[in-house]
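In what comes next, chain A is part of two complexes: it sits with chain B in the first one and with chain C in the second one.
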Partner chain A sequence: MIKVSNLSFSYSPAGPSVLSDINLEFDRRTTAIIGQNGAGKSTFVKLLKGLLKTDQGEIFIGDYEVKMKTAAELARQIGLVFQNPDDQIFKRTVLDEAMFGLLNIKIGKSTAERLAVEALEMVGLEDKLAVNPHDLSLSEKKLLCIASVMAMDTDIVIFDEPTIGQDHAGMEIIRRIIQELKKKNKLVMTIIHDMDFVAENFDRTIVFNNGKVLLDGETREVFSQKEVLMEANVEPPGVTQLAERVGLKNTILTVEEFVQECGK
Partner chain B sequence: MKKIVVDGLKYKYPLSEALALQDISFEIEEGEFIGIIGKNSVGKSTLCQALVGLVPHFYKGAYGGKVLVDGLEVRNHSIADISRKVGMVFQNPFTQVTGSKMTVYEEIAFGLENSGLPREEMRQRIDEVLRLMRIEHVKDHSPFDLSGGQMQRMAIASIMAMKPDILVLDEPTSQLDPAGSEEVFQAIQDFSQQGITVIMAEHKMEKIAQYCNRVLLLHEGRLVDFDTAEKIFSREDLKDYGVTAPVYTRVCRALGVKKQGCDGYPVTLEDAELALRRSFA
Partner chain C sequence: MHNIDPISKLYYILFAIIIPIILPSFIVSVICVALSVLLLLAAKVIRKTLPVYSFVFLVLITVIVIQGLFRPGNETILFHLGPFAMHKEGLLFALTIVLRVTNIVSAFMLLVLTTKPSDLVESLVRRGMSPRIGYVIVSVFQIIPEMMSTMSTIMDAQRSRGMETEGKLLVRMKAFIPLLAPVVLGSLINTKERAMALEVRGFNSRNPKTYLNEEKTYSYSKWIQVAMLLVTIFAVAWRVFL
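And now, the complex of A and B:
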């Protein structure tokens, strides 16, 4: 679905390179992108979304090179939920905010409203349609941003740290949305720091370190490589660490797997 | 010595029908590290703000009961007076930044300037917290050019520089990666070991379990329980309050393995390892 070849990027010509020589292909597996702050994760997804332009290398989405398309054209294909909701939100009501993208791709007003309300129902904000987004809590703002992107029904959906500030209920909503998108055969990509959430929800995991791809593979395989992860300053999920410490042989990703393995 | 005494605190925001805090009472000893947990919108941030006086002085609203911070009754003292004892790190670092300073260095100086500290002392303190929070390399950057994680470190540094007796933090590591958040927790623990009282609202239960002496569980504006992490996270009804126990506790509970010499389940990686090894042996 997406093919990235020899991608390099820096914010200023003389500045340090933020990404260097990235080669990746994305299929429809749910994909987690992990790595330290400053590893280049957010820059990478902004390049995919066409918000930044490549210095070197190519990004193809389907048959089109991203560089050749405008951000408006890309909006129908690829949705990005920003890390900081205040960078994304600017309308006066929750409903207007969720409808904004739809109206911009020339969806009729009544259809746009229906799609927006459906998306807001998915995140549990349907009783707050008339509320000013700036009166929402941080976690609600994040959910509103997710709904606004969900409403666009794009083939590719990228989340930048969706779980920040979420409690158990919020995490469950995000988990459900990821499963739902997967069922609809969409490509879901998420930048995230919560390793237990990664282990439970993502098929594929990519580790970024200093602007390069350090590891890429099935999530279980990635989390089994403790030493390589340490290079990127990433620790395996808590449950994986515990399993290893008590001597379970397989790489464990969830509490259920742990209990099953002990029952053997 | 009792550092914080909250007695029958009730509070309602203006224009709101429901009480945000309902009859809350608890006491905190000097030097304790306290975690506040509960689902979103149950009053965690409001309680934090009641400890620094933003509730009721800034938000107004209806207020009952008493909050004593190091002997000062919050209701009868100005935010300026209280700020000399208690420092608060906001949930969203973007809202804490003054917006009136051009560099990170000056931003951290803001509170110190306002409390009239001598220049040399200011420089010393700023250098110290820049180092402690590992943001020396961005000290000349504009506060708004920082990444989320760097901004959060700056927000914590600005408050630490004030050397408060009591440090209140509202989800201080939400923007940080795991390694960064571990670093910040350790820095806060160092503070706490120097005798500073720390109160922190947080969703990262593994961290709460590892670092806090006691945990305060809030639900719908009420205090449900205030006890050790083992006791709180071993509660059968934890789910009803929208809280998930640390993953180590969930594994041990599913296997029925309790912590040695205690009626609860282990809450940290180390304790879980010990308990499981014993049960496997």
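And now, the complex of A and C:
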């Protein structure tokens, strides 16, 4: 779906390179991008979204080269939920906010309203349509941002740190949304620091370190390589570490797996 | 130049304004401008002054034309501009204005381009300015770049959802206006949080404030200030007695 080849990028011509020589291909597996702060994750995502233009290398989404399109044109194919909801929210009511993107991509008003309400139902905000988004709690604001991107029904959805500031209920909603999107055969990508969440929800994991791809593979396989992860300052999920300490041979990703393995 | 006490630079601005007032002759004004320009050269910031100077001169050219053509008391005709006549008196008057403005602008640029705002404010607070006012000044310098970066993030977020912000001027203008609300709202929310954060750290405490940085010792501060004072006194004396 996305093909990245020989991608390099730096913010200023003389400055240090933020990304160097990235080669990746994305299929429809749910993909988590992890790594330390400053590893280049956000920059990479912005390049995918066309918010930044590549210096070197190419990014193809389907048949289009990203560089040839404006970010606004890409909005039909690829949706990005920002980390800080306050950067994204700017309409007066929850419903308007969710409809904003749809109207931008020239969807008729009644259809847009229907799609927006559907998306808001998914995140449980359907009873707050007329509320001013700034009166919502942080976690509700984040869910609103997710809904407003979901409403656009793009083939690719990228989340930047969706789980920050979410309580358990919020996490469950996000988990459900990711599963739902997966069922609809969409590519879900996320930048994330919550390793437990990665282990439980993502099929594929990519580790960035100093602007390079350090590891890329099935999540289980990635979390089994403890030494390499250490190099990127990434810690496997708690239960994975526990399983290793008590001497289980397989790499464990979830509590259920752990219980099952121990019960044998 | 970057290592000179900000206070001395403040005095220099005062000095550069006062001297041509005390001694209103062309030569003195020219000397003052030349001195500032030399100092700007020595500080290696002359390149940064060019945009400011070009803007100022753009305004001054209109002054020259208007004064040259229409100043009351214009008598001696120098030359003709189409149907209009340029007059000597007007031009001379315009020249004094040009020199004054250039002089003041140069002196200010010497301060602005060679001093970090925070250093200047710290020096002023050390000399008894209220830390509150100091904070207000410093925060203005901080808020502007902050707002610019928020602006670009918000712009990115809207582009992501299909708002066209690239291309023709009209498209950009249309995109710009709706962005203002979140930027302004965002900074207001920030202000509230910032106020609370300051309060928590004892911003309003009545105890004397301490400083994060050690007081910088600037070389020659005294000498520079004394020299400027002497020149000023000399100028006054010159004016009064000669």
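As a working rule, the second predicted complex is superposed on the first by the 264 of 264 C-alpha atoms of A that agree within 3 Å, B and C clash if a C-alpha of one lies under 4 Å from a C-alpha of the other, contacts with A are read in each partner's own complex, and residues count from 1 in each chain.
The definition used in the following text is that a contact is a pair of C-beta atoms (placed from the backbone, for glycine too) under 8 Å apart; a residue touches a chain by one contact, two chains touch by 3 or more.
Computed from a predicted model, the values in this text were never measured in an experiment.
Chemist: After the alignment on chain A, I want to confirm one thing: do chain B and chain C clash, or do they fit together?
Modeler: Once chain A is superposed (C-alpha atoms), there is a clash between chain B and chain C.
Chemist: Give one of first, second, both or neither to describe whether A:166 is in contact with chain B, with chain C, with both, or with none.
Modeler: First partner only, chain B.
Chemist: Regarding the shared-chain residue A:196, is it in contact with chain B (first), chain C (second), both, or neither?
Modeler: first
Chemist: When the two structures are laid over each other on chain A, which of chain B and chain C touches more residues of chain A?
Modeler: B
Chemist: So, does A:259 touch the first partner chain B, the second partner chain C, both, or neither?
Modeler: The first partner, chain B, only.
Chemist: Check whether A:86 is in contact with chain B, with chain C, with both or with neither, and answer first, second, both or neither.
Modeler: After superposing on A, A:86 lies in contact with both chain B and chain C.
Chemist: Once the structures are superposed on A, label A:46 by its partner contacts, choosing first (chain B), second (chain C), both or neither.
Modeler: Touch status of A:46: second partner only.
Chemist: Touching A:179, do we find chain B (first), chain C (second), both, or neither?
Modeler: The answer is neither, since A:179 touches no partner chain.
Chemist: Look at A:76 in the shared chain and tell me whether it touches chain B only, chain C only, both, or neither; answer first, second, both or neither.
Modeler: A:76 contacts chain C only, not chain B.
Chemist: Which chain A residues come up in both lists, the one for chain B and the one for chain C?
Modeler: 84, 86
Chemist: Give every residue of chain C touching chain A within the complex, in rising order.
Modeler: Spelled out, the residues of chain C in touch with chain A are 150, 153-154, 156-167, 178-179, 181-182, 185-186, 189.
Chemist: Within their complex, state which residues of chain A touch chain C.
Modeler: Chain A residues touching chain C: 46, 49, 51, 70-72, 75-76, 79-80, 82, 84, 86-90, 100-101, 104-105, 134, 148-149, 152.
Chemist: Considering only the defined contacts, which chain B positions touch chain A in the complex?
Modeler: Of all residues in chain B, those touching chain A are 38-41, 91-92, 94, 147-150, 171, 174-181, 203, 206, 242-244, 246-248, 250-251, 254-255, 269, 272-273, 276-277, 280.
Chemist: Can you list the chain A residues touching chain B in their complex?
Modeler: 35-38, 83-84, 86, 137-140, 161, 164-170, 193, 195-196, 233-235, 237-239, 241-242, 245-247, 255, 258-259, 262
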